[in-house]
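Quick one: the structure is below, and I'll ask about it shortly.
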Amino acid sequence: MQEYTYIMLLERPVIAINLKTYSESLGENAIEIAKAIEQIQTDQTPKYNPIIAPQAVDIRLLAKQTKINIFAQHAEAFDYGRNTGYNIVKSMKDAGAKGLIINHSEHKIELNKIEDVITAAKKEKMYVICCADTINQARAVACFEPDFVAIEPPELIGTDTSIAKEDPDLIKKIVKKIRFIQYNARILIGAGIKTRNDVDICVKNGANGVLLASGVVKAKNISAVLFELFG
Amino acid sequence: MQEYTYIMLLERPVIAINLKTYSESLGENAIEIAKAIEQIQTDQTPKYNPIIAPQAVDIRLLAKQTKINIFAQHAEAFDYGRNTGYNIVKSMKDAGAKGLIINHSEHKIELNKIEDVITAAKKEKMYVICCADTINQARAVACFEPDFVAIEPPELIGTDTSIAKEDPDLIKKIVKKIRFIQYNARILIGAGIKTRNDVDICVKNGANGVLLASGVVKAKNISAVLFELFG
Amino acid sequence: MQEYTYIMLLERPVIAINLKTYSESLGENAIEIAKAIEQIQTDQTPKYNPIIAPQAVDIRLLAKQTKINIFAQHAEAFDYGRNTGYNIVKSMKDAGAKGLIINHSEHKIELNKIEDVITAAKKEKMYVICCADTINQARAVACFEPDFVAIEPPELIGTDTSIAKEDPDLIKKIVKKIRFIQYNARILIGAGIKTRNDVDICVKNGANGVLLASGVVKAKNISAVLFELFG
Amino acid sequence: MQEYTYIMLLERPVIAINLKTYSESLGENAIEIAKAIEQIQTDQTPKYNPIIAPQAVDIRLLAKQTKINIFAQHAEAFDYGRNTGYNIVKSMKDAGAKGLIINHSEHKIELNKIEDVITAAKKEKMYVICCADTINQARAVACFEPDFVAIEPPELIGTDTSIAKEDPDLIKKIVKKIRFIQYNARILIGAGIKTRNDVDICVKNGANGVLLASGVVKAKNISAVLFELFG
């Protein structure tokens, strides 16, 4: 299996899988998902670079058992200290996370915290996927120059409607509008993405990858979905 | 006394006074501050257009007794309904507010709420002053095209250091960076502004006005300060 | 019309009306509701003592125009000062509120804040209605000895099911369990209460009154409902 | 080394150590602290039963490497599902946690959430240490019958003042007042506890143990402190 290096993370299109707090992606199940991807990607130069975002309790073990880049699903910018019960950037890194998802539509944060967490992550040389519901929110978070801006139109979340199939021109428009703010922004498309064809359309239209969740984790046959996505 | 029309609000530089929850600017005291400004500004075309942001309990009475534009200090985007104990945009308007301050450094809100409140306010034809701690936060909120972007470098809040005197070039830089996002952004400078000279420097360097609080409300002689600012 | 004195507030059963953020109970509408109750209660010793909880923007005007006790729908324990956009206990009092509703199911607060707000209100000689979803939450808030504990079983909110008609013994049980913690607790029953008969059943079974909202405010004929409740 | 069974957790006095987000108690350091306690407690019937509350990222590994009971520092009552970035009760259990700390003074939660998390934990047969700042807050949380009520007078947190030495009668009073609500409450004393003598005084005066943090984790010689506490 190839090494998933930092350079890959930034130079190839990305398929990021948010494991959320589903039971199907907890503990051993998270490891199985990672292992399955590794076995599929035997090629030295796979087209899509995988990212997996497990629950905080799974980061340390997963980071030991896979070379796939692990991202935390959220973190606070707090320094080490008296922050009982919080997941902080520095501890996520210590556990093996290479990056963070922040401001997910299920875990919205204040504007100033977005800046603080991105700043804290950069100090730790960690990558940040900053989520946004709308084009204007995506432009706003691009002002802080996260490594990735993920846009999930909320009207598409959890539906069978794929932005890729329905409206590929919208992807072009999203990409253009965000890059007007941050010319080198790496943009992930979320919500409604399920098939490899969807991913290919996103990338063909200028995006740098996709952010998936239930399409993988809640699939009847996870292996088959992973094989389609990464094969 | 002149009428403070909407056009004035947008066409002339602004001195906005945040009354916060100080006792010195509550109830009768708020009315006195408004009346004092009206008496000072006998000119039909005053240089600076005043905005006063009282506590929610004072909006309705103040709006009846002054022609100065009243802004709420915060509001939720919620529609009429089951929101016990919240101050909502529509009720602020009903009470007589012409606009809203949002995302003040003492009342930070989630990124998506910033967009939601600005959208709700525009539907009600209310103006929004959206605050930001840093240049990048100011650029981010400019993506939602609020009527005013107020920037208060937190290191200057409550100090005697005036950005106007210390570093007027910083104002030029702030203005330029925000207008790159929103070319017609109206920009208010906050923190450390106390004198008319400070205000003049801000406007001379490209800002559209200032956002003040303790410099007025906690002054030993409020009338004297108002006279200096608006005279 | 009689004076609504403090003693009445504590010595007679209460019908408290939460006006929430409905348009039907905003501004002039709030005043109409208060006036209607005053006109109905011509008796010097009405059976039920009314409380009205308007939006923050309506407190000051309403307090001037009615003798009915006005309660805020929420407030923070903060002292006067730098709390932009918050409704604080002291300002609610200044505006004319005699008391506060806190921890409403639409505006939940942290346990320590419940204690802080009750303490702050007592210092201001304001009354507190502290809400609870369940019997155990009601017992918990009774530990802080608020003037009233209001219990609204969430499974009944907004339904046509009246606890009074369905299960009057449950009222007895609720009252007994709360008074085990605070022997002199005044207990208000909420959710599903709509008719005078409901109120009478609550009081007959040991409660000290009721907390109403949509049953009054969203009624097709508000006057008729008020006449039935207070007549 | 003995097995730390559930029965022990409830039948013997407890010394619970909150590792917070200190670097000195992260990852390998957390394991070292656990191992040190195990080596000290060679006795089959140690006087004090240890609990360790690591950061979420350390629970799974620590649970595999120690028999000491592991508690999470916080958790949400949410079921498995779409809760990106949250630590949920069920996942904490899956990772090996035997219990939870909730409502710590650094991580306050709403009253209804306290009830929800305790209910969720009981379903998972997990233990809950519910924290409180004051006697009345402790009485309030006792209404939900958590396994442990921990009281940390905030005026003593992080100071060198030990409630045990300063005012042992206060411990008796605290214990009595909480047990009036929950007759079989297990009560932990926090804030200012540093020495074995402090712990002994707490237990002698009726408490069921202590909740420690910086006294252990930030000690110059952690081993020495652990030896004194558990030896």
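Letters A, B, C and D mark the chains as written, and numbering starts fresh at 1 in each.
Heads up, the rule we're going with is that a contact is a pair of C-beta atoms (placed from the backbone, for glycine too) under 8 Å apart; a residue touches a chain by one contact, two chains touch by 3 or more.
Because the structure is predicted, anything quoted here is derived from the model rather than measured.
Among the remaining chains, D is positioned farthest from chain B, on the basis of C-alpha centroids. Repeated interface, listed pairs C-D, A-D or A-B, reference B-C: A-D, with more than half of the contact pairs matching by residue number. With centres set at the average Cα position, the gap from chain C to chain D is 38 Å. Distance between chain centres (mean CA atoms), chain A to chain D: 35 Å. Distance between chain B and chain D, defined via averaged C-alpha coordinates, is recorded as 47 Å. For chain D, the set of residues touching two or more other chains reads 105. Judged by the touch criterion defined above, the protein chains form a single closed ring in which each chain touches exactly two others. Those residues of chain A that touch chain B in the shared complex are 103, 105, 108-115, 132-134, 136-137, 139-141, 143-144, 181.
Considering their complex, residues 18, 20-23, 26-27, 55-61, 72-74, 78, 80-88, 90-92, 94-95, 101, 104-107, 158, 213-214 of chain B touch chain C.
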